[in-house]
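I've put the structures underneath this note.
Paired with chain B in one complex and with chain C in the other, chain A is shared by the two complexes that follow.
Right after this comes the complex of A and B.
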């Protein structure tokens, strides 16, 4: 526990001076441990003998906690609860009642009271009730902070997403502008290169939108998972075939080392996404005449997948950012490679669904190996 | 106006933008030299003095373009610098070099928002060379 402490303001309103005095004395020496911030909560007490003076004070200062007597000489407690407490201030009110009836309890609760303290109460009863209220206040504060953090992360995600979507649009827009202005003369063939480059950027954008949908589907749990007993070797072979064409362009050799079949309970779409992402990366970030080695094995209840390439590799600094959303390693070698920056974070999320994980070891300039472990029998994975 | 035999340095980390500016400025008659980032551009500037520079603001570093513009003006104050940026577009952060104060610290003669239009860029270049 650290030494920080925070003070909560407490207003006590009661026409019996003894109550005000007593409550003040007990709470001044009272400390509550706040589990949410690992700090200590102390109290600053303000006492009032009638409702009017408290209401006047509210204009200058808003308490966290209000101990309010039901029966007061002028404006009574219920009326204050009903008319004078601004809900935006989120004041937690504990009603002090001499004749605790079910009716007053129901009415006060409807008006927003948090708890009751029946007169006469012992110091321990007071401390117990206040401790409960403090916990409530602290949890409420924590929930609010988490909500704000969530909003911030969401905004950051959308900001980066907007940027990533805009760059291909800008690129295509630029090529169209050149074509529109007949920069290269009137022969249409002269523009083939510009058109080809536009198509590549549009393809990249389409792939990114697809990845984005995959990611949000997995995260939201909206996608219906079809868990079946499937042969992942067959899926790996499928994925190799899908990547054959782009591999051939750079004369890259893809080899699979695995048993003839390996069954696990999984959603075939999810496993396909893992293989597609890892294998297409291994091809994309490879060198001409390079190799891609895929090894699949089982170890008790675990499936181990390794995808090794002989490509450009990563520095340790680049490795640390690798699995973040929209993280694309930008350097001389990757400048001309299209990517959404989402592939590996998707692989990580899916591996998590199978109680597994993804890891990478790499040597800059030599190549990388990606390791994925999956649990063979996790049926309902949790994110 | 023809810019025959004039040299332009193009700097942008987006290969497509670089390619587009390359095609565009060549069509105006410039000889082009391309760099994909400020460090590459600095290297080129050691042995090459352009007649014009078109540079991106955000490259390897967030403000790489500002520093590069500063370096270019240090080589010669006569080299016009056009800075292109998608910053306003992305961050909502706005800036321009219309006030004297801003002109003093942003060492660019023109700031163009991305995407840069052919006619706009052509017009700005014309204006810059007329001023000469």
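Right after this comes the complex of A and C.
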């Protein structure tokens, strides 16, 4: 266990000095193990004999936990609960009450009290109640941290997305500026190259938006899935055909090693996305006269797909970032290759829908092999 | 602006003849460097391009540019900043004016200006993307004629 400990501030308000003293003495020696951070929680106790002095202290210091007597000489516990505790402070309140009636319990709960401690209570009852409250505080803290992390990731995603979408607009803007200002003279043919380059960037942007929609549909479960018994070899062949043209341009040979047919229950659109992404990557990141080998086999309930290329390969550093969103590997070899940076994270998400995964082994300069495993029969479900 | 427009450069060789100023453009977006190259070459400047900070630094060492155009966000969000510091620390290149390209204003809700950022960033001017050829050429001309004692080395002194 970790040696770190954290201190929680506890305010105890009771007009009986004996209660204040007793609670202080018990909690000062009490330690609770916090599961969320694997550390120990200790207590710092502040005692008050009336509500007024506690309220005054709240201005300087806010406790994590408040043990509050219902009946107090001046402002009583209920009134403090109702009017003096700022909800933003998230103080967890345990009411100390001599007459634990249902009415007071309901009223206090409505006003935001977390728990009750009926007078007279034993040290164990106090420890039990406080432990429960501490667990609640810690879980609440953890939930809040997770929520903040989620927000941060979402912001980061949108920020990167904005950048990725702005880049092609900036590029096309620049070319239009050159055309508008006739930088290359009055012959219109001089601008053909710029128009061609602009079209390529716009196509890339369209592809990115398409991929982005695929990704969000898969993530949100909004994409209506049509699970059928389908032959994935047929889908693989279609996908090869789709990539033939770009493969021919670089004289890349694509070969398929598989049984004649292999049926599994799946959404054909999703399987298509997997093949299209892996095969188009294998072509895009290949070398002239290179090879792409696709192997599909079954192993009990699993379908194994391998797509091997003889391309530029990846370093171990690049491999570690490969399946992250917008992680396009930028180096001298890839800078002429257009991509959305979303393809592989989509493949990973889809594989997950089939209880499978995607992996890659690669040698820089030699080529890469992508492995996808899928369950042949998966219950329809979300990630 | 027509293509027959005069070239702005105050550089002269030993014989007192005008020579073309040399400019290196460093940006990871190929189409941006292409835009810069076309715009600047049309005005007679000699242009070299690079697509990351390290490559740009190396090329600049042999190319010996009269001006550096440098993008901020390349392989990471601050690559351009680090590259600018590297240039200022290089004896031969430390007084070469740097024009920084930024496209991060909206993303970070931040506007670069020489008054604020010149204090810690050793660059001489900023251009926000999308870049217009007009403002690019105006700023290029201004920086190429900037006296060496006005090159912004404030930031570098603070950092070292």
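Things worth noting here:
Criterion: the second predicted complex is superposed on the first by the 381 of 383 C-alpha atoms of A that agree within 3 Å, B and C clash if a C-alpha of one lies under 4 Å from a C-alpha of the other, contacts with A are read in each partner's own complex, and residues count from 1 in each chain.
FYI, a contact is a pair of C-beta atoms (placed from the backbone, for glycine too) under 8 Å apart; a residue touches a chain by one contact, two chains touch by 3 or more.
The structure presented is a predicted model; accordingly, all values stated were derived computationally and were not measured.
After superposition onto chain A, partners chain B and chain C are found to clash with each other. Legend: residue contacts after superposition of the two complexes on their common chain; A:183 is shown touching both chain B and chain C. Applying the stated contact rule after C-alpha superposition, one finds that A:320 touches neither chain B nor chain C. Look at A:175: by the touch rule set out above, it reaches both chain B and chain C. By the document's definition of touching, neither partner reaches A:253: not chain B, not chain C. Of the two partner chains placed by superposition, chain B and chain C are both touched by A:201. In the superposition on chain A, A:6 makes contact with neither chain B nor chain C.
In the superposed model, A:159 makes contact with both chain B and chain C. Of the two partner chains placed by the overlay, neither chain B nor chain C lies in contact with A:363. Chain A uses residues 159, 162-163, 166-167, 170-171, 173-175, 177-178, 181, 183-184, 194, 197, 201, 330, 332, 335-336 to touch chain B in one structure and chain C in the other. Residue ranges of chain C in contact with chain A, taken from their complex: 1-3, 28-32, 34-35, 38-39, 42, 51-52, 55, 73-75, 103-104, 106-107, 129-134. Partner chain B is touched in their complex by these residues of chain A: 159, 162-163, 166-167, 170-171, 173-175, 177-178, 180-181, 183-184, 194, 197, 201, 330, 332, 335-336. Interface of chain B with chain A (complex): residues 13-17, 19-20, 23-24, 27, 36, 60, 86, 89-91, 114-119. Against chain C, in their complex, chain A makes its touches with residues 159, 162-163, 166-175, 177-178, 181-185, 194, 197, 201, 330-332, 335-336.
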